[in-house]
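Below is one structure. I have some questions about it.
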Amino acid sequence: MTRGSNPGPWQSPEMTRRLARRHAAEKRFRLFGMGAIGLSLAFLALLLVIMLKNGLGGLDWSFLSGSDSTDPSLAGVWGATKGSFLTMVVTLALSFPMGVLAAIYLEEFAPRNRWVDWIEVSINNLAAVPSIIFGLLGLAVFINTFHLPRSSPVVGGLTLALMTMPVIVISGRNAIKAVPPSIRDAALAIGASRVQTVFHHVLPLALPGILTGTIIGMARALGETAPLLMIGMRAFVASPPQGFTDPSSVLPMQIFLWSDEIDRAFVVNTSAAIIVLLVFLLAMNGLAIYLRNKFEVRW
Amino acid sequence: MIGFIVLAAVLGLGLVGWFSARTRARLLYTGRGSLHSTPGYHGWHMALWIVIPALLAFATWSSIEPGLIETSVMSDPAAAALPAGDMERESILAEAHVIAANPGTAAFNPLSAQLAEPMRAAQSRFDLIGAALVVLFAFAGGGYGFTRIRAGFPARTRVERGVMLLLLAASLMAILTTFGIIASLVFEAGMFFRDVSPLDFLTGLHWAPANAVGDDLSSNFGAVPLFWGTIYIGAIIAMLVAIPLGLMSAIYLTQYASPRLRRWLKPALEILAGVPTVVYGYFAALTVAPLIRDFAAAMGAENPSTESALAAGLVMGVMIIPFVSSMADDSIAAVPQAMRDGSLAMGATKSETIKRVLLPAALPGIVAGVMLAISRAIGETMIVVMAAGAAARLSLNPFESMTTVTYQIVQLLTGDQEFNSPKTLSAFALGLVLFIVTLILNIIALRVVKRFREAYD
Amino acid sequence: MSETPKLTARNVDVWYGPKKAIDNVSIDIDNGLVTAFIGPSGCGKSTFLRSLNRMNDTIADARVTGEIKLDGEDIYAGTMDVVALRARVGMVFQKPNPFPKSIFENVAYGPRIHGLAQGKGEMDLIVEKALIRAGLWDEVKDRLTDAGTALSGGQQQRLCIARAIAVSPEVILMDEPCSALDPIATAKIEELIDELKDNYAIVIVTHSMQQAARVSQRTAFFHLGSMVEYGETSQVFTNPREERTKDYITGRYG
């Protein structure tokens, strides 16, 4: 134990070799990490490049303004885009108010009891339930029980709203939780009721966070295909839907339908439709990131 | 479109109610303390009374109207000619629906052109009845609200109570959804299990719903090959890709990357999570699967199939990378800085600190993250639908085509067949199994994550 | 003191980004005794301590200029291996930070990564010796496989000291090691420091002047990032040369 009195052991050849080995291991580990993230991003880049290479040639005005057709040169994405838009309107109109109200209740008013625990477990679990299960729910409830029109934006929107709501609740709760208690105390101390405190002070401060979460949830809903397959949104729809109850397709579904076509020309269409969908998604995610950076407040 | 007009009318009425109630309450103001609540709350009280009953009426009517229309169309003499098959019938009715909405559209099936007119008539009749009903509710509610406006009326307390009820109702939606999922799956799966014994379903090795006719049902509904395909693709191949890559990405991002690099790499990785699954599926089918087939052929496999478990699993793994990475990122970040400092101060290198201190400390969180990732992978649908194949086989060869639970659900519910046949119902039985398995994985994982966070708080 | 100082610092500045946290500090630290750094909070004493084993490297925008030598070797020179340096200059932190491992593994961690033990027997011996020196052996010898985090606060801190001495360091840096402990645990740690000082150069940062007076032989007083006074502890406390030191010692500020 008197090694301390001389620096010798650290200069011994054995120790020097050991140190060199450890530093080499360190370098290898670091490279492995870099490689992992590089490989993931390379895959993403490859995917994007292939889609761009295949699809850019097919992106023209007639493609953007046309609807589905059996002739690849006439087929376009306008019908599916409109269907997606109508579906998203229904989803947003339902899931946003519901999600925000539920988040407020759970974060600000809910008593601690077994019922509220059930609600919480329920929401956390719904956020992780496979999307195809929501499709089965939509099929059994909205179509088989309520006889709502098959393959319509209203059923698609309802189904996706149930799927999106938990996402909004969770991000909403986090945003509300981030508002410091001192703000609540200040409002309560001048005689505001709890409801007034929440709606006048807490909610406006939490809104940017809630909006960010909502946009991300909507982006996920926009790219979703599996639950819509269940409620029959795979019909061949040659004219854009005129209303919420008309049969319609949506963008990801159009991609899926075209991907099955044998005709080589549909490869161009599929890739071009993917580009259109990705542009929408990137715009939404970009908006979410912008909102987060612009309004994020560190308390 | 009439639905839109009705909703707008209800909201307009609510606005009118808000203003009129507020104005009336203001007239009651005679001095400090003369009103129990501010005029604004009287306005809100009135508006809630107008909007909520009307919206409830609207929702109820919208859910029963299609049924009413269909009944009315069915009573038309032309409907007698409708074919019995559900799919055909549906498509004719759907086409009639389109023609009813856009007169002049060419009809694919002459029957739908015949049905279009009665359909349009029934639709506009029921639309009008519904609109009248909704407006009636709005006025009734508004009338009640208006009579309540008095100086001493506690409008604020009432409004707040109403708001609380709304909040509670919104939260109950989550329970209702969960209940709806369980009820519909159990109900439909129950009908299936009347024909096929659950034991045969869960332990049978032969899956061929197409051959399932007559008395020989049970022997064709053995779901084990599907379970195996699901586990092999989602929990084995995908995780072999996602766990090392996701974990190492998280380690590089949190421990090595400079803040500036991290600011770029993290969102880039998040894009990977934002790509829709149908795009991954297409990529798997278009690019990855042929590559793997060629590779298999080069390795000497005979007639390798284009669809392979490996193609689907690989792409699924890549899709899961950002998910694993962000869970691992959170778990590692939750380990107190003091642990890291303690190890570095002993003279440990960064990688030794990560491997021997940070990862063991973060392990519960990482394991929970992997469980959530598996739950997501086995429920993933589009990639397997587009790249995995339909062949139900028990095989260890990743180059072979394999099928999964989700693939079969899609297959069973999108073909042309009647409702309530064992074939369609079996999809719900598969859905029930999938739901239960993911539920267990999710609940355990969420509980572990929660306990883990508390441990380091 | 005839032998050369263990650690020497000359004109050391420490920067956090554009902010200067330590201004021109020069100090000699000798073997076989305890040196205390005292001063009001925020005076830079901990920052300076962390520059002695290059723990400041782990802070992204921290920068150290000047010269710090261990046995005449510049620790910021390119040839100095920071891994070996930190093994020679151990550190004990303000809050006990045992790893989430067993008591045995906590102590064995250092020897294991540095390869100081050949075989299980030697490792057992090193762990036992370190725990005995840290005065913890009798309390834990029957439960070496229990989690280190299950010990009491004072025991955890002594475990951290055992962990540090298990790699046979030459210098031990202690950053307010008793601030999270109760008086009884504090007394034990102080006793331990006193016993350990014969074999190591010990540097202790403390906010308690009484503690500095009790355990140290030399005291350096820091204020606003500079070292105001450095001398024999008895002299600094009874007869400070500087007015500011006197004000601090007599409780005028701090």
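First chain written, first letter: the chains are A, B and C, and each begins at residue 1.
One rule holds for everything that comes next: a contact is a pair of C-beta atoms (placed from the backbone, for glycine too) under 8 Å apart; a residue touches a chain by one contact, two chains touch by 3 or more.
In this text, all values refer to a predicted model and were calculated from it rather than measured experimentally.
Colleague: Let me check something: if the centre of a chain is the mean of its CA atoms, which chain is farthest from subunit A?
Modeller: It is C whose centre lies farthest from that of subunit A.
Colleague: Give me the ID of the chain with the smallest distance between its Cα centroid and the all-protein Cα centroid.
Modeller: It is chain A that sits nearest the middle.
Colleague: Please report how many Å separate the Cα centroid of subunit B from that of subunit C, as a whole number.
Modeller: Measuring from centre to centre gives 56 Å for this pair.
Colleague: Can you compute the centre-to-centre distance for subunit A and subunit B, using the mean CA position of each chain? Integer Å is fine.
Modeller: Distance between chain centres, rounded to whole Å: 11 Å.
Colleague: Measure off the straight-line distance from the CA centroid of subunit A to the CA centroid of subunit C, and report it in whole Å.
Modeller: For subunit A versus subunit C, the centre distance works out to 49 Å.
Colleague: Mind pulling the residue numbers of subunit C that touch at least two other chains?
Modeller: Residues 83-84, 87-88, 113-114 of subunit C each touch two or more of the other chains.
Colleague: Spell out, as numbers or ranges, the residues of subunit A touching 2 or more other chains.
Modeller: 22-23
Colleague: In subunit B, which residues are in touch with two or more of the other chains?
Modeller: 349, 352
Colleague: Can you name the residues of subunit C that touch subunit A in the complex?
Modeller: That would be residues 71, 73, 81, 83-84, 87-88, 113-115, 129, 168-170, 199-200 of subunit C.
Colleague: Spell out the residues on subunit A that touch subunit C in their complex, using ranges where they run on.
Modeller: Touch list, subunit A to subunit C: 1-5, 7, 10, 15, 18-19, 22-23.
Colleague: Hey, which residues of subunit C end up touching subunit B in the complex?
Modeller: 53, 55, 58, 60, 83-88, 90-91, 93, 95, 97-101, 109-110, 113-114, 160, 163-164, 167
Colleague: What does subunit A use to touch subunit B in their complex?
Modeller: So the residues of subunit A touching subunit B come out as 22-23, 25-26, 29-30, 32-37, 39-41, 43-44, 46-47, 50-51, 97-102, 104-106, 109-110, 118-119, 121-126, 128-134, 136-137, 139-141, 144, 146-151, 162, 165-166, 169, 193, 195, 199, 219-220, 222-226, 229-230, 232, 234-235, 239, 242-247, 252-253, 255-256, 259, 267, 270, 274, 277-278, 281-282, 285, 289.
Colleague: Give every residue of subunit B touching subunit C within the complex, in rising order.
Modeller: So the residues of subunit B touching subunit C come out as 258-259, 336, 338-349, 352, 356-357, 360-361.
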